[in-house]
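Let me give you the structure first, and then I'll get to my questions.
Order of writing sets the labels: A, B, C and D. Residues in every chain begin at 1.
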Amino acid sequence: MSDSPLADYAGPFDDDKLREECGVFGVLGAHDAANFVALGLHALQHRGQEAAGVVAYDPVESRFNSVRRLGYVRDNFTKPEVIAMLPGSSAIGHNRYSTAGNKGHTAIRDVQPLYVEFAMGGCAIAHNGNLTNADALREELITGGSIFQSSSDTECIVHLMAKSIQKDIPERMKDALRRVEGAFSIIAMTRTKMIGVRDPLGVRPLMLGKLNDSWFLASETCALDIVGAEFVREVEPGEMVIITKDGVKSEHPFRKDVSKFCVFEYVYFSRPDSMIGGMSVYEARRRIGVELAKEAPIEADYVCPVPDSGTPAAIGYAQQSGIPFAMGIIRNSYMGRTFIEPSDQIRNMGVRLKLNVNRALIEGKRVVLVDDSVVRGTTSRKIKEMVLDAGAKEVHFRIASPPTMWSCFYGVDTPERSKLLAHNMTEDEMADYLQVDSLKFVSLDGLYRACGKDEGRNKACAQFCDACFSGDYPIPPSDQMASGRLKLEPAE
Amino acid sequence: MSDSPLADYAGPFDDDKLREECGVFGVLGAHDAANFVALGLHALQHRGQEAAGVVAYDPVESRFNSVRRLGYVRDNFTKPEVIAMLPGSSAIGHNRYSTAGNKGHTAIRDVQPLYVEFAMGGCAIAHNGNLTNADALREELITGGSIFQSSSDTECIVHLMAKSIQKDIPERMKDALRRVEGAFSIIAMTRTKMIGVRDPLGVRPLMLGKLNDSWFLASETCALDIVGAEFVREVEPGEMVIITKDGVKSEHPFRKDVSKFCVFEYVYFSRPDSMIGGMSVYEARRRIGVELAKEAPIEADYVCPVPDSGTPAAIGYAQQSGIPFAMGIIRNSYMGRTFIEPSDQIRNMGVRLKLNVNRALIEGKRVVLVDDSVVRGTTSRKIKEMVLDAGAKEVHFRIASPPTMWSCFYGVDTPERSKLLAHNMTEDEMADYLQVDSLKFVSLDGLYRACGKDEGRNKACAQFCDACFSGDYPIPPSDQMASGRLKLEPAE
Amino acid sequence: MSDSPLADYAGPFDDDKLREECGVFGVLGAHDAANFVALGLHALQHRGQEAAGVVAYDPVESRFNSVRRLGYVRDNFTKPEVIAMLPGSSAIGHNRYSTAGNKGHTAIRDVQPLYVEFAMGGCAIAHNGNLTNADALREELITGGSIFQSSSDTECIVHLMAKSIQKDIPERMKDALRRVEGAFSIIAMTRTKMIGVRDPLGVRPLMLGKLNDSWFLASETCALDIVGAEFVREVEPGEMVIITKDGVKSEHPFRKDVSKFCVFEYVYFSRPDSMIGGMSVYEARRRIGVELAKEAPIEADYVCPVPDSGTPAAIGYAQQSGIPFAMGIIRNSYMGRTFIEPSDQIRNMGVRLKLNVNRALIEGKRVVLVDDSVVRGTTSRKIKEMVLDAGAKEVHFRIASPPTMWSCFYGVDTPERSKLLAHNMTEDEMADYLQVDSLKFVSLDGLYRACGKDEGRNKACAQFCDACFSGDYPIPPSDQMASGRLKLEPAE
Amino acid sequence: MSDSPLADYAGPFDDDKLREECGVFGVLGAHDAANFVALGLHALQHRGQEAAGVVAYDPVESRFNSVRRLGYVRDNFTKPEVIAMLPGSSAIGHNRYSTAGNKGHTAIRDVQPLYVEFAMGGCAIAHNGNLTNADALREELITGGSIFQSSSDTECIVHLMAKSIQKDIPERMKDALRRVEGAFSIIAMTRTKMIGVRDPLGVRPLMLGKLNDSWFLASETCALDIVGAEFVREVEPGEMVIITKDGVKSEHPFRKDVSKFCVFEYVYFSRPDSMIGGMSVYEARRRIGVELAKEAPIEADYVCPVPDSGTPAAIGYAQQSGIPFAMGIIRNSYMGRTFIEPSDQIRNMGVRLKLNVNRALIEGKRVVLVDDSVVRGTTSRKIKEMVLDAGAKEVHFRIASPPTMWSCFYGVDTPERSKLLAHNMTEDEMADYLQVDSLKFVSLDGLYRACGKDEGRNKACAQFCDACFSGDYPIPPSDQMASGRLKLEPAE
């Protein structure tokens, strides 16, 4: 059943990109906590633009209040009348892209945080990631009398918690999380606690911060920066932190495992000003550009980024190659994601609404275009046409990630495998298809080196989750295999 | 937890009236069923003005679609784009006033019909009435791992259904309804069936109608009229009708009991053009006026209704007494329930925004004002002032119901007992308080006679539920007594 | 040129009625004057439902502020944030139906009051009525370099004022009004004055009221009642009142003429609780019913009004005839004018959305239906069908006005003459067309008697404007004749 | 008088920048012309973000239709239902920032294009620029009986046209424009013509383009690019082009004068992908960076732009100096101009909502920050703080324009002179005030060289209007001097 389907927020102009599905943020022990959550979610807007929700606990009325809205954080959660609905000193929030089940039709009831009232008190939960055994769990729970209200994976977790016979909420959460498989970085909140937990492989990020007596949890450090909080450390893979006004208690409720952090967070998902694993994301991207320049040099007049995500790698490529960096493609900063239901004529303009070639610069020149990734290839093709129309002599694409050949089941919205350009073509075929003078992707080893693994990828046990490039899935995608939606082949 | 509290729809100008909490309507076997439901709910708008919801089953996509909106039916459910979201040939709908828990703060998630997906398929439920053991059931269910999403009584029913081990939905519904106590007239819908059921005492109405091959269920006959359907019969107290394209099957799943239909439906809740128990509601009200004129005659120049609900009884009073009927008070037909958050100066105008005295008519005259009921007495007092300000010589109130002294727990929004004028004062004290020349209520026997019980009220076993007048509660209000919110005294 | 055309507010369910085009209200010398204007316009909502505007003069900032909004007064002008935009102790307002030029497409720029800044200061103008030489004036003014911003007649007046060489605003207004022909009741406001003026024939009403030190001007007395003001007197035909904090100055700037007040204000336009010419409108309508019963008696079981406008005449008819008054047709009080762009199925329901027959009462009975007027006859026909469908034995229509045969050019929205049922048919033909057992209209003389002219209509010089019934136009409709839109025939 | 004041679109987070007030775009001879105008205005959004308007001429109905809306082009003018309101093959449009009179309170009636109906037909006008004798003209026109509807300069032009006795619209426009002083680039449209005209000094840009049989006029070439039109040439200073389906006719109605194009268009207003005077704006900005590096070298680890407007100059500075270019400050791409009425806590975040420092990069480093201009200096100060907080060792500001010391009266929104940092301080004082290690502005000569005047600024007759830097006003600001708002001093 669908509730009032909403306008397709993703729209026909949506980037030809993989999409992180969520950002999470929480604070405990701050005056007007909801204000901090609004700021944190604003800083994490790139992780989910369709909707946002905040739950705050009001100790005066002993109740949890929730506001969930479609649209940008800045358009909803900055107004005093909204913040006034969320009094209290602890609050958590969630940015959302969309779900597998309801692509582009986010219903308010699917917007997190989820909130549940257990016998021992209320609990709000915000989840970044995706479960790989959600279908099986859901079937089992419905048979046992559970009523599902949403299409979200996360609801399995709360029903498992409701069925648990443990006496307190953190214990019920451990019970529940031991039953689930997949990727999860979760922030939960009870009347007195804020809980952060990452799956045993630590696929999605989760950061711990502090400002005076306030504790913060956030998907990325850039969200700590915006509130002026100090970055304390990353929550570890498999760790549960239970934060109260008395401080942080750390537990490790799961079996020990090797870390498999998502390498695409470095490539595209995270903001360049965030730090992961001790390295600035910007620096990792710049270094990918350096690796690319080493692996795939070319003679040219300019190195131009496809704005904005290609910029750091383009800077690195330019520095390594000595070819001048230039802004050959200009982005219209008034292009939102909101050309909803445009007229046909405008729809057909596609990428032109967002990008324009700096014609005077490009004309007659050999240009290296640096982009972060190629997914379906549709945008790359249009950009190439624009650049050639403007009179470029040669167009060379350099891609700051390996070919994207596999779907992600750990909290990223990927097109079906058959839609992935690299699933269907070799690098040379792609160059032909895009009709460019050359097309080169950085190697997996180059990517690993740029991300701080100087020795390159450890084939025996890769240091990151790189399933989208390698097909090497660290967590078996059970639901997908059960339903026949995925057939695993040996990793290339 | 509250979700985005909404503007107080009831507003400061709300009538000083008891409020029916719900109207329900359903159709099976009609092209564009949602259109019929929109019309039916529009005709039942007086039974709930805060919000409305419609669920339709789309056999093409094999899915249930739902639209739930705050505000009037006419403002939401008449638009082609809304109807287009609700394709299919069966649909049910619900009008809502508000709940005990969230007075004036209807959240979308509390708007019915509820929808649940069971292992054997989906089911939508619309409920008119109130359960008296909902608190106890809720506590039991939460302990067993059920997660409640709303503050609505009705959710107990669906959780009980989810826990049932019966194989089909009607059987699960019987299981569930045998556990609940209170008043319920329910319309439910599965992929192939529409189900109507009334509690054993039949407190709330439920009507069966037919138009060609389409079957209808509705709270009142006026909703059958608007779609042009023929009134077939009332669903009986304790009866469950299971309607498929092959016709209507009748079952009686509950213990046999005596009928206790709500007499206030005659007094105020139902529309005057509806038929109940073979009698037009208009005629019952006119006859109350006749009884009043017999029981409480007075010499006067005009009999004037307090518009609009006092009109039929005023006509009856005028006919019986021979005093001319006149419109001494004029209603502003542009006064909605929507003076939301008005400025102080406008708030203070109170009743004047809605009513004005026909000054030229009233000046120097003795006036009988006929109103349907007195609840808190606030409005009566203001009306009296307006009429005296306009120069009336005498003002005599005649009330077309007995004194309202007890709260209702069967689906009606009553103020706390202590706020009821008649709980605190005798008839004479009320006349003093209102500063009117005389004030008389119809007797319980007079009311029963007007409603077709020529012998008056059977004291041994009253033919209606009249608990709001007599304190004689046919279903024990268990939750209220458990919580100490109600202490029963012997009926006066 | 049209500015953003708006949804057709009149809708397909609009009453088959003539429509008064405007209501005006003003106050000088009251704290928060805009609040009073909001109340006054709410009481005058029946005179124009599409849009409303208020202009207030803020002496602190020495500026005029204006808010103009589509929709009901109660939905816009009751909010504190709107009132806060209109500070000051004098304010005027205007309710609008629509104009000849833009039927159903009210643009904000056509919503009054108009505001102009002259060299000697600002002036706001609200106009009820219609000019009959507006086209000619507009052409002349454009040739002289005036730029028109709206399609409103009223703009001619302000351009004439702008061209005047008089030194103060009242004098410029006299200059301008001496050039115009037609019907006008105008309220204007300068920094220190409120001005009220009626055309020499006094076609439209204008009332003067007082409350403590505040002065009021209003279209009807019901608007004085809502603010608690005392009715002082009517502004006379041809009179200009200039109100300052020092009191009211009366002038008579036009040639003397006989009064020709619009008789349709008694029949339908004005509210029944208003007083005109010393008589309550309700009483005039009741007396029309008495006249009708004398002129067109019939044997029947019930006299039923077509609600709500037929009610007073039905009461009179019942009283005179001795036939019982009954509510045979019930109005849905939740039917607004807002079924905008409904689905086809709902559109086809037409009158049923608004009215339902009290089936139990009507079945097998002979019914007299009393309505205020017949315009196109479309609604009358549908009502008759509903009543017959419900099983009435006989249906007799009695109409509380003479046949409407001519268009009005003095501020009323009339259909083209060819659409008027009575223009095309005799009374008998109309009865046949409507398929009723009988159809009778009150006579012109009967109408005049009911409205206080005991001698009936003075054929030599009618005491009212009754052009819509008689074709006897007291002001020559110059524009219409120039354009060939109207051809006058001798009055019947 | 103000009409419904609107939320302050500029908001408290508005950039500390000068603001171009308008962008204009027109097309003649294109199917669905309004679609092209929507695209063109979207490309020109940076020239005015508060509101946009489009007027199209519909030859079928022989009427001009207009839609004017507050907010972004993409949110209003891309919807099929809006485009459907604007049929026809010629259309013009206008983006607006705000006016001197109503800063931040754009009323719909102030949104252009203006539309006027003259005796010889309708005319729509869109104006980029500002008149310097508008106050004097307005006073004269009001005395003559003209009624002004807006606070816009442009309305003077249309009243002058209305008063002209010329027989056709282009001639009336020449009459009018010969009376006005100031800067104007105007696009006008009649039923059959599109007219483009620039003031004799050509202060604001106006470009002519062509695509098949369609002709275009636009403020910048980037708007021709988005519709795929070929750039034909600039309309010359003092030239009027009259375009019909038969082609372009050129006239020179004004006295001959020297060109004084606004140099700030190169510095900040125009988009970097636009071409002006044969040079790419991006290239001009990059060359300013080169000049800056020559004029004000410094030893540092990184050259970082203040994004996004400082980027081209930072690239130039890095190239000339050999210091690595790096993104030391990251822009939140979800920061719109729409943090309307935020809570205090969020308001206080100021620039952090938009910018974050790339902490890992900056820590311990010497940084050159390149920005386009310093206006009030408030933003520069906050950026400096952020960079120091992040641990930078040294912060050197390099500004890609000379000190902004004078107000602009030719269509740019400048703060009062007293608010301009450079009006009050020397370069050294500013460095102290901003507490940076060094602060340097490019010289006027350096700016001129970068903009293609290899010989630098011609002191005898500057090749550009640079009044904001030099106080050398090429058009006397008459109104400002008359009112004492401006006192000219000798240019420094």
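Brief remarks follow.
As a working rule, contacts are C-beta pairs under 8 Å (C-beta built on N, C-alpha and C of every residue); 3 or more make two chains touch, one makes a residue touch a chain.
All values derive from a computational prediction rather than experimental measurement.
Touching chain B and chain C at once is no chain at all. Of all residue numbers that take part in the contact between chain C and chain D, over half occur on both sides, making this a same-residue interface. With centres defined as mean CA coordinates, chain C is found 62 Å away from chain A. If you average the CA atoms of chain A and of chain B, the two centres end up 50 Å from each other. Residue positions of chain A touching 2 or more other chains: there are none. If each chain is drawn as a node and touching chains are joined, the picture is one closed loop, every chain linked to exactly two others. Listed by label, the pairs of touching chains are A-B, A-D, B-C, C-D. Residues 32, 35, 38-39, 42-43, 45-46, 49, 72-75, 78-80, 83, 222, 225-226, 228, 271-273, 275, 279-280, 282-283, 286, 308, 311-312, 315, 319, 324-327, 330, 332-336, 338-346, 349, 352-353, 356-361 of chain D are the ones touching chain A in the complex.
For chain B in complex with chain A, the touching residues are 1-5, 55, 63-68, 85, 108-109, 115-119, 122, 142-149, 158-159, 162-163.
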